[in-house]
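Each of the two complexes below includes subunit A, the first together with subunit B, the second together with subunit C.
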Partner chain A sequence: MGSEKTPVTSRELMNQMLKRHYEEAYQAKESGKLVCWSTSIAPQELLTTMDIVTLYPENHAAALGARKDSPTFIEHTESMGYSSDLCSYARVNLAYTELGHSKAENMPLPDLLLCTSNICHTVIKWYENLSKELNIPLIMFDTPFNHTDEVQEHNAKYMKAQIYHAIEQLEEITGKSFDFDRLQEVMKISNETSEWWKKATDMAIHTPSPLNGFDLFNYMAIIVFARGTQEGRALFQLWHDELAEKVKLGQGPWNDREERYRILWDGIACWPYLNHNYKTLKNLGMNVVTSTYPKSWTVTYETGDIEGMAKAYSMNVYPNRNLNYDVENMVSLARKFQLDGIVFHSNRSCKLMDFRQYELQRRIYEECGVPSVIFDGDQTDPRLFSEAQYETRMQALAEMMEESKRKKGRD
Partner chain B sequence: MFLGIDIGSSSSKAVLLDEEKNILAAEVYPLGTGTRGVQEVLQLAFAATKRSPDSVLYTVATGYGRMNYKGADKQITEISCHAKGMRFLQPDVRTIIDIGGQDTKVIRLDESGGIENFVMNDKCAAGTGRFLEVMARVLDCHISDLSALAGKGQNPVPISNMCTVFAESEVISHLSNNVSLENVASGAVLSIAKRVSGMAKRLGAVPRVMMTGGGSLNHSLVAAISEQLELAIDVPANPQVIGALGAAVFAHTLYQKQS
Partner chain C sequence: MAKVHDLIQELYDAGYHPAQTIRRSMQRTQKPAVGLFPLFLPEELVYAAGFLPVGLWGGVSGFSHADKYLQSFCCSIMRANMELAMLGSYDVLRAILIPSQCDTLKCMCENMKVALPHVPILGVTIPHNRTLSGAHEQLLSEFSYLSDALKALQDPSATPISLQKAIAIYEKYRATMMDFIQTVPDYLQTINAKTRHYLIKAAYYMDKEEYTETLSALLSELKKQPKEDFHGTRMVATGIMIDSESVLDLLVELEIAIVDDLLCQESLQFRTKTRESGSPASKLAYRFLDLQAASVLYEPKKPRGTLLADMAISHGADAVLFCLTKFCDPEAFDQPLVQKDLSERGVTMLSIEIDQHVDSVEQLRTRIQGFLETKL
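Then we have the complex of A and B:
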């Protein structure tokens, strides 16, 4: 028997993977490998098959936001002539592209770009600008909005054709022919990683939840970039097993506090105030047990089915689905996770997500009586958030949830 | 005796209740959190009761400065306190519109007085008391005279800017174009009424509607919101102390529970 190594925890593995992600990208770039920048929920399967190193500007912008380095870039972009109403991820990234250095986290500039319109339409113009400024090829994968409950046939054909066109573009850019057998393997791993991500995050259905919900946001960085890798799959399997063990032991999210209220967080995190947001909730005994947003990385389809893959990218992302889907999805989450309340982040950067919030809030209350609050903030622009206002709203939600629990007890 | 203290952004309010929930004192001092307003209002309140501060059995703090008040046994948000206070005075209230210094909120209550939902203004000062203060300053009148001035305006001039700073410039430009003070004042009041009634409509205002906070001292504003909502609005006798009253009622209840 070989010497036994102390098994690393999923958190240690996550931190190692995060650290290596950008380091390895620099090494790859130096050795002549191609680096691609991609939107966060895109068919990375194609790039992974071609052995192209893929980085995610949204992930990078979020990291800069969380490490308090976003203002430098946001102000720079505004001085370049971009509007302060533009998505702050775009503002951070457009400036990073020009400045090329951050004291918080660095990534090499790209040789090509992959943009998928399933998350929003700002990304189309953002990536077109990058392509023009850097004079590099852009692969566009356009996923029309789903007004209907299923992807319409003509849209499926349109998206499938785009995948084949993207493959041709990649062959032209790399000078290599595309290996469809390798694609099958990558598809298989990607599906399995997505399944483990879902299984792990679903462990929060237990009461108390073994998962401190802000970990959803931490682990999300990995699902963004490691979905097509064996290491990614292993990480989420390990995380799942750790959480299952906690459930077995009856352990909740925290050692020093009980989970008093189970809540859903709607929208992107407010990265510059992540710690403040988390502590405020924790002090009130509020645990985020699920969220609409991290679920977007559960991209599953039949291995080998290119049209199915295209459809999955169009359907798994709620901003690309209609309002009825949103309501049904959130109501089912409310029941499945036994929610006491919902926090909506009215994110200045993301008009697409904000647009439906009021109606969503109204319909969810009507359907299942779960109280909720909306707070104003931004994913990376720290100028658009007020700590005191956030605290008052969260405390008010706690008071409403307490009242609701009291009534239920009385009933 | 039970103390409810509401430490707002621009004023401090205190209410003292006796064991039978009779109001012994209800005071307002026009200085908010981080100032001597808290000490001043407490002095006024205790002087009115002629009882010693030592006889306070339980204290609940609310408002923007609630976390910084050392003497509190518990902090409760102004949303719950306004609901509690208004309901204590007026059991059939279902909608509360509160216009404070930097927060405007609309709260909808269910039949048993529980909070069904609420909305508050975002970071922007539009639709808050601060907007009224800025307008009064530009119009060169005291905040307490703004209502009467606006009441005289026959043709309110539209103020289209939501941003308080831009709205101020807009008002200045109207004044320099010789629009009367009355019509500008009336326009400013109408602008805030539209914003607040928009919030109330979004929430679904149901009668009986009551208005609280410093903003409700402006009768022209109350009338304008009522017109926008097409609903009657009532204002309690001392609308600024409702949050503090709710806090005092909570203090009474929590003390009973504790003992």
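Then we have the complex of A and C:
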């Protein structure tokens, strides 16, 4: 680490942080520190306060997918008796737990688990199985699905009670008292990191966008694991400043191409085909300026307010909100980012996002006339994606957006 | 024996023809019906509010409308419910309750609000972290919100009853059902797998008091008959449901009887007793908090496999029949661990896929025959 050069750009810092993330986890594990595996949008504040090293299986599975190493694990899970219809992140992780090694990226096995149900019900079952198979404690933070427009008060109280229970569980697991003063500091940093993440991703409202949207997917790995750290905060501030500079200079997402269409990507990336997906869009002049994701990690609340924090984990995460919220959120993104189109990823791994997409697509078009396409794929199972279908759908979207631009021009 | 057959036929028909049974029950009780989606809901609240609660567990195999809202990899129960809603079959309902017990159900709640704008859709949140006192408090508030919503839908002529009385009616129903479940293994010729299923299912479409009375009469007549020999295969079924006529016909043809179950649509609805102390709402809450061995529940100790092994051993069953509903994630996560637990106890498991959308069972026939020949 000492020989590493001091990063000067946010990309360099990001790459260093990613590299150190797993290395440091191994060192910590060897030195007897506890390692926790957690779902991606969980109250890490509690773990950071307790100085527990936290790793994120979704991040790890995505990395294995992007580096073409997911098939080994997917095949192994099927031999373990798991159906191929299950979430491929879960399949990759459950197999990794048993095999223990990937040629792409490795992480130490956990001593405890933290599961938050805001992203789906699937993680409850996935983490339950991990807990049983590894015989380690599981801390569950259940965030009831908001079928109403707002978080209901009794659900907020239930979530608050769970945070206090999680603290008790952590005290029992670590044998240490929970330091509420330290929690305040971590809450403050987490809020600030979230704010800088939002400010940076919001830079894409400029036309042309200084942000090449697929970078969003790369930086997302960091917001997942470094939200409660000073380094995470520094990274997003630096990224924001770089993007602001690009705006000042009138620079768009690419040096060799103009941003012709501004689109929103709904859903998780197709990691095994990231490069193909990106190039297909770029060749058509389509830039991903936003996604439904950035807001999910903008978990903000009053520092010190435990119920507010619990509530934020329920309401900021769009899969945990109702259809009205989904529509309003996407319409507001369409207006704010001046979208020309939307790409919906019908991701075989994610039923919670998929089974609202058809209605969402109709309502968005009705409300703001933004055309969209849906393509079939999967976040980490490469067998569930067709390059030809993706390319055809993107060409169709480009044609729809062109037609829409022509009409607007005539009006 | 004629009386037994008549009573069986009466309940069998009631379970086999849901729409007809619901219409008849509405006429008899003069109550508007309220639909309850799978899996677990506080039915007693609906009953106490003066409505006829009816279960909505799919039932069609062809989908021509549901694709407007759902991709093809959605479970067939929910696709069927969407299809029925869009065909107008649910227009007769005063309201529909949908719990958020899995990801597909969460989406169904949202889609049904759009697909069926003229029927109020009430989302119900059942907490997962059930051992905490906060979960009990959450449920009490949820029940209160639900009772208010139901009250607002009552006719002026409605005849609500107290929750305590409704719970008593349901406790009697649950006790009778458990008696039935325990009696069936002695009469496996008269009550084969298919008959057992439709008799249990009839409860979803009839008034609970009327159903309990008919089932009690059947049990009392049945117990007068000598116990029957059965030389086929005895299995304990588990899963969301075994509600596929072609699969049930196949089981009967291959002489496979169900001697007990941990199916969400069947005994898991009535296996958990109501606690004896506490307010009616609290008792009702604990029935949810005490539920066990359903895949949609959060159970870090995962007791399902052990319970199934106990059941199979105590019944002298030949195997556990894991009925995996196609595209059901909670079930698919449970299956490998259940298999492991059973195998550690020396209990054999046969896994079959349940898909209301698929009528052909030829492949399944070969698989089950192979299983019977090699594993038993």
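Here is the rule we go by: the second predicted complex is superposed on the first by the 403 of 411 C-alpha atoms of A that agree within 3 Å, B and C clash if a C-alpha of one lies under 4 Å from a C-alpha of the other, contacts with A are read in each partner's own complex, and residues count from 1 in each chain.
As a working rule, a residue touches a chain if its C-beta (ideal position, glycine included) is under 8 Å from a C-beta of that chain, and two chains touch if they have at least 3 such contacts.
On a predicted model such as this, the values are computed, not experimentally measured, just so you know.
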item	value
Partner chain in contact with A:Phe180 - subunit B first, subunit C second, else both or neither	neither
Subunit C versus subunit B, contacts on subunit A by residue	C
Touching partner for A:Trp254 - first (subunit B), second (subunit C), both, neither	neither
Which superposed partner A:Arg393 touches (first subunit B, second subunit C, both, neither)	first
Partner chain(s) touched by A:Tyr358 [first = subunit B, second = subunit C, both, neither]	both
Partner chain(s) touched by A:Ser346 [first = subunit B, second = subunit C, both, neither]	both
Overlapping contact positions on subunit A, where the subunit C interface meets the subunit B interface	346, 358
Partner subunit B, residues of subunit A touching it in the complex	346, 358, 361, 365, 371-374, 376, 384-386, 388-389, 391-393, 395-396, 399-400, 403-404, 407
Residues of subunit A that touch subunit C when the two form their complex	80-83, 85-87, 90, 117, 120-122, 124-126, 128-129, 131-133, 138, 140-142, 144-145, 147-148, 152-155, 157-158, 160-162, 165, 322-323, 346, 348, 351-352, 354-356, 358-359
Footprint of subunit A on subunit C - complex, ascending	68-71, 73-74, 98, 100-104, 106-111, 113-114, 123, 125, 127-129, 132-135, 137-138, 141-142, 145, 295-296, 298-302, 324, 326-327, 329-330, 332-337, 339
Subunit B residues touching subunit A - in the complex, by the definition given at the top	64, 67, 75-80, 103, 112, 114-120, 122-123, 202
